[in-house]
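A, B, C and D label the chains in the order they appear, each numbered from 1.
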Amino acid sequence: MGELLWPGESRAGDVFTDEAFLAAMVRVEQAWLDALAGAGLAAPGVRLVAPPLDEVAAGAESGGNPVIPLAKALRSQSTDAHRGLTSQDVVDTALVLCLRDAVDRVLVEVERQARALARLTRAHRGSVMAGRTLTQYAVPITFGLKAATWLSALDEAVRELRRVRAGLPVQIGGAAGTLAAVVELARAHADPVGAAAALVRAVAVDLDLQGGSRWHTRRTPLTTVADALVTLSDAWGHLAGDIALLSRPEIAELREGAGGGSSTMPGKANPVLSILLRRHALAAPQLASTLHTAAATYVDERPDGGWHVEWDTLATLARRSVVAASQAADLLEGLVVDADRMAARASEVEETLHAEQRSIRASAGSATGPAEGAYLGATDLFIDNILERAARVWGDL
Amino acid sequence: MGELLWPGESRAGDVFTDEAFLAAMVRVEQAWLDALAGAGLAAPGVRLVAPPLDEVAAGAESGGNPVIPLAKALRSQSTDAHRGLTSQDVVDTALVLCLRDAVDRVLVEVERQARALARLTRAHRGSVMAGRTLTQYAVPITFGLKAATWLSALDEAVRELRRVRAGLPVQIGGAAGTLAAVVELARAHADPVGAAAALVRAVAVDLDLQGGSRWHTRRTPLTTVADALVTLSDAWGHLAGDIALLSRPEIAELREGAGGGSSTMPGKANPVLSILLRRHALAAPQLASTLHTAAATYVDERPDGGWHVEWDTLATLARRSVVAASQAADLLEGLVVDADRMAARASEVEETLHAEQRSIRASAGSATGPAEGAYLGATDLFIDNILERAARVWGDL
Amino acid sequence: MGELLWPGESRAGDVFTDEAFLAAMVRVEQAWLDALAGAGLAAPGVRLVAPPLDEVAAGAESGGNPVIPLAKALRSQSTDAHRGLTSQDVVDTALVLCLRDAVDRVLVEVERQARALARLTRAHRGSVMAGRTLTQYAVPITFGLKAATWLSALDEAVRELRRVRAGLPVQIGGAAGTLAAVVELARAHADPVGAAAALVRAVAVDLDLQGGSRWHTRRTPLTTVADALVTLSDAWGHLAGDIALLSRPEIAELREGAGGGSSTMPGKANPVLSILLRRHALAAPQLASTLHTAAATYVDERPDGGWHVEWDTLATLARRSVVAASQAADLLEGLVVDADRMAARASEVEETLHAEQRSIRASAGSATGPAEGAYLGATDLFIDNILERAARVWGDL
Amino acid sequence: MGELLWPGESRAGDVFTDEAFLAAMVRVEQAWLDALAGAGLAAPGVRLVAPPLDEVAAGAESGGNPVIPLAKALRSQSTDAHRGLTSQDVVDTALVLCLRDAVDRVLVEVERQARALARLTRAHRGSVMAGRTLTQYAVPITFGLKAATWLSALDEAVRELRRVRAGLPVQIGGAAGTLAAVVELARAHADPVGAAAALVRAVAVDLDLQGGSRWHTRRTPLTTVADALVTLSDAWGHLAGDIALLSRPEIAELREGAGGGSSTMPGKANPVLSILLRRHALAAPQLASTLHTAAATYVDERPDGGWHVEWDTLATLARRSVVAASQAADLLEGLVVDADRMAARASEVEETLHAEQRSIRASAGSATGPAEGAYLGATDLFIDNILERAARVWGDL
């Protein structure tokens, strides 16, 4: 995935690249070595140095994962390195570290989005526009309510994303998830099992992850984050779809701050950020679905393919999420709202937008009076509720 | 979906059938009518009767959803019926009711599974067997640990499923999510908006759902339940894959209580329940993915297709989940464990299973001593932890 | 899948229902029995009668497929029935028969669509309208070209669908795909293998299917049809998306002949058929993907789950395809084109639509002359080519 | 996608990288410029030079695609460059060129696979082994038949892949698919439309692609290749699943030539290539499904997201296909077959494998005689047929 084939890709920077993954794996190995040293099971004070990426890459395929060449290289630095771990411990914990970096980047960008939406909500609390359902005019809404509704989706997705992020666990279980090698290493201790468990806790603390529960064959730590990222992409897909639609020249109620140009048609201003967000939203669900399919085909104490398909799938979803988060923030911060146009249209099609109101009045026997009032129902109440809930997530917006 | 094309389908009974969906829609309309009556906005004491399914079915396509013919039929019973609601209110809330029924059925069955697994875990805490990774022998485990690991996946999935079930919300927003029609109906009240909000709360209480937040364009109430059901199906896929594998005649460490026969080969005993569970686990992720794809393509105050694709997709996922939950419970309750065979194999390949242990001892300078002990690491500790956590979910198991 | 949860579902009638599948299985068993009888391996003249659906359904789960109870029932009618076959032979060949029925129904409806599109193409060859790209005005097109482009997608998809339909094969291989039981039955023949192969050919001729090649572990006969049906659904999704968009009131260049109403808003006319087509197009790709995932996980001479997930997935895709095909035909036959509105808009935004033309002229040094001509390029040539190719598929349209 | 997160990734070399895509885009622009020059519409003899990747990348996002910065750079080399084209023409035709490179690389590797399988088929025509269905012993087969069956799946997939490769078309249509700009450029010609069409044909000939049919809103040229690549990955998934299974130590009938090691367990030999193939097969279907979902959401003369999601999705599928093709060739060339072990097991479980045979004889009244013969049915005939068909695809194997 590069900038030409996925424009905007560089926004993800060094998140979950091969380089970042290598660094994360080394960090895991270091944390483990430090824990061993702290327990008197390894020489203290060793600082592991990441081997060159090329060297690890060159050895990754023959064993099916990059830890085998990595461990070999690290053992040349310290014979204690990697002792007691299995490849999956290193890969899985490193996946979690990379994923957390991505999530943290996403959360920062979503806060920008939330601030922009809160501002739009307040600014356009009274901007009446046509509500539309099934492509046709329905009843009036305000643009403030629309922005608030987008915000409520972000609010909900972020609560979930924070929750699963907080639960991200270390994975240390050894060859078959029993910690047998670690207990063996600690056999001189009075309580080797307790000592082994303490080592895992120490690594969890060091890496600021949850500890204690192995998940080498239970992939919810990955799938729940993936699902949460897809829930966010659904929210972006929805708002981007609305913006792309309302930016159509026949509607023209919204406009991206800086539209994209054309290679041939002068003056064209395309809603590029909306389009690129929709792109992500169309692909993300099936990336998460691949992770679930993988999880569903796990067998044994480590499966024959299901594990391996996760790494790049997860990295792709994570990087694209960072890209989309950043694009969505730019989009919302730059969004231009033409409230006059909204009002003009609402006025122009007032009869349609108020047909339901008239029908209700007619059936209520008050048909003789004119339709009156904005017919906006509980719009302000909904906006207030959404802003209040959002403030609980992000503080003052 | 019938029994021939999805054997076991009848286990789902009347969950989320067209009939159940019709009944749920009528229940929503009744709750709304009762709320209106309670507020003096409709005649009290009316009991709506579901029109014949055929009648509703006959009118469902022309308007694109079944509420139009339903509302027409109900209005012939009471002119107050459906007043203030939009089709999506009725469909979405009815979807939630049907989904909740399915989830409740699933949860009952998962508790059966949990009990069976807790029993297996305790019974086989000491049943040593070969751990296997990447298809090959790794280090020893116990079958108790394997069963406990399956249990831990159910534990985690059920916590999530209960959480999202508890959050299932009513959807009442009117034509464009503003409650405009309801506020209009309540315009004689001192506080029409407050009265409208109170009506929604009354329906939520009546239906035992959460209230207050519209989700007509934010589909997380559906997608999060779908994701949780897929998380469960991942867990079933994993345990069913293990059982199918360990039931192979060359391994023969497990056996389904009642294997399935063959139409031509006498004496064949196939692991049918495991196979049917794997079937579900292969399909479920993409059903949830379809729901996310739909959510991502929502536009306007009601979208042009994304909404409509949800209904049958959700019903299929829900019904299949009930079927699989019931099959998994039967499977685990009937599972036959051949601990002798496990032990015999572990003994036979002892040298392989303990190669890591010998390697660690050699590098620890204790190479002269024989490999000794079961090399089971923290297996018992993990089992204890998992059983303890499970007890917090299901009580004593 | 019923009419309430998938409005329009009844358009599929009895295609690929449980009942149809049972009938197809009996037809396969009959063809096989007839072939046996023709070779002197069974008593001649037996007419098998389908057992009650309930009876087969009741026995379907315990063996994991419906053939075990079916074969038992048929053997009570003739001890020769099912002899030499395996469950998979009957299920797979019956799947093919049901699938072919669905495809044939689809093809009839697509021809209706093609006729409607050819008519629209001719009628609106000169109806200039705004071309739009990335939501914005681009350069002029004609509605005739748009209709022809939709037609070209149908043309291509139908060629593929006809091709794979023509290749639909019988599956007869016996328990592990060797025809061992059949050869055993024919052991009194001079050439038992030749006799067995002749039996398969006879069944293929009887059922009008291709013969000779086993596909019990190679699922392309199913996945290629599924892919072709998805290719069609892509085409419908595209045209339905265009129609839904151009039916928006701000654009209003198209209109469904009979729009759908609202349960609450008088006068609303929603593009219901377009919406229901988009629904199908959003779900179909992932149904085919499930079939591929199943195929990719086949192991042994019959797999442990991959086979079982195909049946209902395929039936759902097939039935929904018939529904969508019929809806698309109605949609296109009834489509109302407002060529005046198209022309008015094209005229109104003429400056934008011709910006590219002016730019080219400017760069060509002919800037001084006014933009002139319709700037429609090779539109007529493309239309002619598409109509000509379509005539090769459907004859005179 | 790099070697650490997708081991083996470097096997794809420079296929469909950002660099290759840039080169392909320049090649398209050059072919177009040459065609213009050939028609006297541009200065002759200009050789375009690809601008630095970084420069194109830096400008890709603002317009939503890489052609805008590319065209700008090329116009600084020749003012005639890109004249008459639209971004989509360049991107789509370049996608096709990159895809064709990938397909060609795949086809070479599949021929290696076919040769290996033909050799295995012949060598093991008589190697009897247990057939297995639904995880259990069924009736005997030979390993030759199993290898031939794998070959037949490759044969079928390659026919399809060659067919769609041969149909890969150029896409040149200009801003809205009308060739208006090109016709405008050619307006001095007697037949400007004919001249424009001739230019397209010239480019098609130059690039060795099919010409004439625009597909800017009809994505079958991409989806059919994707479907064919998934059909291949299904075939690899199937054979890899079989090999991984038969490599289990309890079965041990097959073995990868060079198994992968472990980071901690000495002596472990994992079926790494099979595992990495299964990885691809689990992910590929959903990549193709994403392309179909994109195609189904196309609207207008260029859509708002559906187009953009295709590029990286297609590149990922293409590169992974090349990787898997190469891995599968290595796997099959190196596969070690333990025919003695197969024979020993078949002998050991002879009673089970021949139960069907005995049952047939019993029902045929020849129960008194012993089961005799290999009970291999038409195995040799099937092998002969498959080898013969394969020879029509690849010549002598």
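Observations on the structure shown:
The working rule: a residue touches a chain if its C-beta (ideal position, glycine included) is under 8 Å from a C-beta of that chain, and two chains touch if they have at least 3 such contacts.
Quick caveat, the model's predicted, so the values are computed rather than measured.
The chain pair with the larger count of C-beta pairs in contact, out of B-C and C-D, is C-D. With respect to subunit A, maximal separation of chain centres occurs for C (centres as means of Cα atoms).
Chain geometry summary: the mean Cα position of subunit A and that of subunit C are 36 Å apart. Averaged Cα coordinates give subunit C a centre that lies 24 Å from the centre of subunit D. Between subunit B and subunit C, the centres computed from C-alpha atoms are 31 Å apart. Touching of two or more other chains is recorded for residues 64, 84, 86, 132-135, 138-139, 174-175, 181, 244-245, 260, 264-265, 270-272, 275, 278, 281-282, 286, 289-290, 293, 297, 304, 356 of subunit A. Chain contact summary for the complex, subunit C toward subunit A: residues 132-139, 244-245, 247-251, 260, 264-272, 275, 286, 289, 293, 297, 345, 349, 352, 355-356, 359. Residues 64, 79, 83-84, 86, 88, 131-135, 138-141, 145, 149, 152-153, 156-157, 160, 174-185, 193, 196-197, 212-214, 217-220, 223-224, 227, 230-231, 233-235, 237-238, 241-242, 245, 278, 281-282, 284-286, 288-290, 292-293, 295-304, 356-357, 360-361, 363-364, 375-382, 385 of subunit D are the ones that touch subunit C when the two sit in their complex. For subunit A in complex with subunit D, the residues that touch the partner chain are 1-8, 10, 17-18, 21-22, 53, 56-58, 60-68, 71, 82, 84-87, 90, 174-175, 181, 240, 244, 258, 260-265, 270-272, 274-283, 286-287, 289-290, 293-294, 297, 304-306, 308-309, 311-313, 315-316.
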